[in-house]
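Here's the structure we're looking at; comments come further down.
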């Protein structure tokens, strides 16, 4: 006689959480491509001296503005005769770090504000008006204020850029929270006596990751590009330190004579953003426990 | 609805108050003296003192702020330090251009964004979807000045189909429309990218909903299934993004305005900040804040038309 | 275009259409920024003065070729004594609003500029003036507080242009200017364009153009594209990065001529380290100015002299009088004195060619063993920072509107102005004396000598390292003829015609 | 003999998933006559909805009909183009979905959604369609019909929404109505109203009804014939009295024993032990044997064919093997006997 | 099956409600003033004994879920008293209430919706212990595993996500979570409505087993009267936020006093063929709880309503021993 215990249910062997995630991630070809690009870029940043022959800040006015595929400079040289490849490679160090740190900081701020606004109806109007205020406050003024109060370090660049991300992020998060908090499992957690903090951090946040990932990965591009305008104001990396955003904005003057000075760092940024985007998409799907069901 | 509007107006008043204080104090804290800029490199100490006295900059911070607010409440937003033009007038000249540009680029962004988003949602994981994604990412990574210059080179300089810059003709004339095309594309691309991604993800969420199946079970034409039964339900996050972008565009967009020689609010604000032209900065920031609140209010009202379940009371 | 169009409709006129309106007798000038205002009294920027030069005139003006000061609205002048200048005015001239030009108008203009209540930014221009008296309808007498050599040069400054007293009392000249010049104001759409038209009653011969438009095109590369398509017909102050592109345009003619702007590296002389002559010598000899000027694509003149070739007080002897480029010497000095130990803050404003200079100089100084960090700043912050001396090295520039050497050395290096316009914080008694002499002498030959001495004194002591002297440049549509640009970058459109 | 309305022969429907292709409906045949109600019952996940969606050709994007034949009025549906199929749906053949809460479009008015099939299939004008919609709403017992047209689904109670769904499905007087658990999650008073309504209309329009439910009470009330499914297969089929009074498959018996009897306080529940197998599970022989208390060795090896119990009543269970047939079906068992 | 008679002669009261009210304010106007109330629970008084199952039935929207949530403190009480184990709990602070959280639990209607889709069920159960006990990680894991065993799940289910379970298994998880802290009272809000009959039967059995083992009390909200009859000892019938009848399950089913109860019973579909029944048809829909009718709330749809019903609200009184009803013509 059959009982519940003897039913021939074939148990899948359970793997660790991260193994599942990684396995799923590796099924997604685009995400793998993204991962490879990200890893390559990180390696590139770490091992910069080994994969470049030229000093990124060494000028050679005599051989300036060489086009791509010139001898000795496969990506050409800039206005000062500095090797563009070296500058891209070394530039990854700043651009990637600032991009990642700034977006993360902005996410933290935006998520906290959006979460509170969405979760507590009483705070909603207040927080959303603060968000409006942040939104309307001119970015340059903010940068100048940061220079005046905090000084000009690279950390402060990340702070400035992250503050720019907060309003958008907060709005997006708030929208998701508004709908997730009405879900029954949240009510269930309440009935178990869970604190608001626990509900927000452990139950709402993990279920609101999809739009956050889309936002964060798209934001990388903006963050890297804005670094340029800030170093131009004197905040953050100062010349001759290589940095992608600044390379683009400096190359602007030479768009007609040497377009590669903008195109090359532009492609570098695009690749990064592309990589983070597809990786983010892949990660979102991999983290979604329902993925196996949805084919 | 009326209640919502009235409540927002109340909140707006507080917001404007807060932001004016914030702007005022940051301009005060940030280095750079408007008098020194007006005086220029040759100005002597006495020149600068005279200018300061003339502009009332020698008063203490609070006196200046209170004076500003009490005038502003009465509708007087002061005079530009630089040009001594009334701030309200200076903004009034530029805002129509910014508005034209914002609307035109939003039209471009919405059309391109929604169509690409729809295509990639309906053909999820196909090569069409992949190219739409790539397009979106390119759209957000290309610096505006670069795209702008490229468009000028191709369409204005080489083909000579469109003018290089300016926005002087009225928008309803052929010339006016021609002037808007390139800047609108330049500016719209970034928003289009965001809208496309959002459309894709929110379409994917509703495309398998039961009511879509119901519509098919009724024999509704596929076109109507997508545009009426599905898209309308997917519209809320898309509208949010459109609203955010539109609010952002209404604040003026410095680079596009520069590249296409458009006399807009963004340039006005940036120039005013560079010149520490306090009243002008204040005026333009307050305008942007107001517009942003208005746009959000509109978005909230549109929500209720799109989704009748949303109520604000 | 023309005077028949009512003012109000001017704004939406189809002036943006390329060929239609830049036809016959009109030119469109592209400016990267808007004028601040159109009152000579209340403004002090080059964009405004470009416009005002077409509307207003001065008592004197400098002949761009001979560099001599010549009477314009004035007929003649004489010094009755060292402190008194009696100026005879031309007769029968009328302002554009019909007000007669006379001694009262001159007195009104100058007094308005000097009056502290006005709060004029450039009031200091006439600071040495004690009284202005209208002796009769055509005679003005100016008394100075002390003998003041550069007075006539000062009177040729665009801020000392003569304004119509009736107009000034009636309206805001900032928005609605009235002068005696060849063009009348028509309209100003803030941030977009300023339109002038021919002054049909101009006193000094026929005006060639019917209409002039100053169009604001903030992005220079856009302006070049517009020049190429004919949407604008005239640009100036061409940046070196774009020069090859402009020169490649078929329909465009590029002119370059020597000018007064000077760009130099200066020390913060209030700092102890910078007071060490060896340090300054080490810096000066580490900088390869020839290599730098090369980067300007022909838009810079290489000379050590602080006072450029087009400035009163210049002497060829100064061209090579600076510390020459000598990298070996520099390295040696750095090594011997340990100059490379302490970091040096190289302050640079984020505009014009300052960034270029900073990057190249930073690289060259690093080569010599210095430890230099660039600090970039937005213009207003830079002004504050430089003025208060919070830097080690910085780049400054000076465009000499009156082309008079005193007007360069006094504000920028005289100890009177430390903490203000003397951002180098330079204070040297001997130098001060030479500059004062150049100002208080009325005899022009003697003044020239004093200025040369002061110039040489600066070079011998490495007070500043001159990077280059600017050229004044223009790019015009081939159809434009007769444009003359004077060395301080200003131009008059009176004799310009279109073919 | 009644007229054949729908005939499904050897339907196999499968899904493409990350674990490979899985069959949700395995070789199912049945038919519905005009004026007849066929109920499909079975445990959750056994393939009831997928069977009906296959008939409508509205499978989820990863699902497809692998083989089999679906005939509506003797016309094979699988050969129709999408456009032809669209014209049939909502017109000759319509469906009420499982979830009344989610099956209505939340952002369109009741009126819009009701008018849509009328305007599409009967090409009537908008005002004409509105008039007919009001009629329909009255028929399904919704008071204040004129006002309801301008309301949105969320403004109606659950029972009213379900009635709107029904009105919509009936709008074009379909010859076949598929109702997928139309009353689950409704309270009994509303449930009763809706069942009455469907019955009335069935009689009035001589409509064929394919009703899916797992509520045996509902089955007893409305069905003419019943088909029991288990794990993608039809395991028993017969007239309703036969199924209730003479259930012939152990699963059907278990199903009936799982229903609490309201009228018998001493009734004791006898749940079927274990869970339904997943789609990906390989089970040899009868798919029910792991949970079957009558399972024999044969059941574990050979999958049982249809055995006819009486006219129109058949079951797929070896227990029903008649002595005479044994030889034909399985030599091994015959030897044992 | 137990009946009240079989319980100890003086059943011990576990939960007592006195005139419990729950109104949802309807806000309106510029200043968001309260312009009206949805009277979800108008007036409910009852006693619930240790070890019994009280069924709550009534039309959709009559306030059953709201009543349950109000007892648990998930909704703020508008008025009335709730005593648990002889202590009034309605005014306790959050902290003081924490100890009652352990005692009172809820099983939700939709087991899938009430589980966080991104949390493995092992973690979901672990979290309960984490919040309320000081157990070490190891102890917690053991506790979770024994819980799983208790509700008929297996240790290997620990690492699974909710979507990987069948409906019946999910509801077992919900039950496991509810009994984790050894409560003495569980509210089952339509806990088996979403399950198909065979799974439903399994779950009902399980609930009974647990009840016997721990002497639990249930408040069993359901619209399936067959299930109520099978599972419950006593039944409470609600209509429009009011209690209209309450008694032993057999009395309610065999001798209903209130016309609404009668209508409800007559509508039950019987799983037997050809059981012809006389159904009492109720006309119209349930009135709007924001604007309930005067007098007896049921009079608008009542087949036997008289003039008095429009005016006087009938009291909820004991018509027979242990048989309460609110009707002027009860019996």
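Should a chain be cited, it is by its letter among A, B, C, D and E, assigned in written order, with residues numbered from 1 in that chain.
Note that a contact is a pair of C-beta atoms (placed from the backbone, for glycine too) under 8 Å apart; a residue touches a chain by one contact, two chains touch by 3 or more.
The model shown is predicted, which means the values in this text are computed figures rather than measured ones.
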For subunit A and subunit C, chains touching each: B
Pair of chains whose C-beta contact count is the highest in the structure: B-C
Centre-of-Cα separation between subunit D and subunit A, whole angstrom: 50
Distance between chain centroids, defined by C-alpha means - subunit B, subunit D (Å): 54
Distance between the centres, which are taken as Cα means, of subunit D and subunit C, whole angstrom: 90
Rounded Å distance between subunit B and subunit C, as computed from the means of their C-alpha atoms: 37
In subunit D, residues with contacts to at least two other chains: 273, 275
Residues of subunit C engaged with two or more neighbouring chains: 221, 378, 381
Subunit B residues counted as touching two or more neighbouring chains: 30-32, 145, 149
Subunit B - residues contacting subunit A, complex: 11, 14-15, 18-19, 22-23, 26-27, 29-32, 130, 133-134, 137-138, 140-143, 145-146, 149, 193-194, 197-198, 201, 236-237, 240, 244, 247-248, 251, 269-270, 273, 281, 285, 288-289, 292-293, 296
Of all residues in subunit E, those that touch subunit D in their complex: 1, 58-61, 166-169, 193-202, 204-205, 223-227, 229-231, 249-250, 253, 263-264, 267-275, 279, 281-282, 284-286
In the complex, subunit B residues that touch subunit C: 30-34, 36-48, 50-51, 53-55, 82-85, 90, 93-94, 145, 149, 152-153, 156-157, 160, 163-166, 168-170, 175, 179, 257-261, 263, 267-268, 271, 274-276
Residues of subunit C defined as touching subunit A within the complex: 221, 239, 241-242, 244-245, 291, 294-295, 350, 355-356, 358-360, 362-363, 373-378, 381
Sites on subunit A touched by subunit E in the complex: 4, 11, 14, 17, 183-185, 187-195, 198, 202-203, 206-207, 287-290, 293
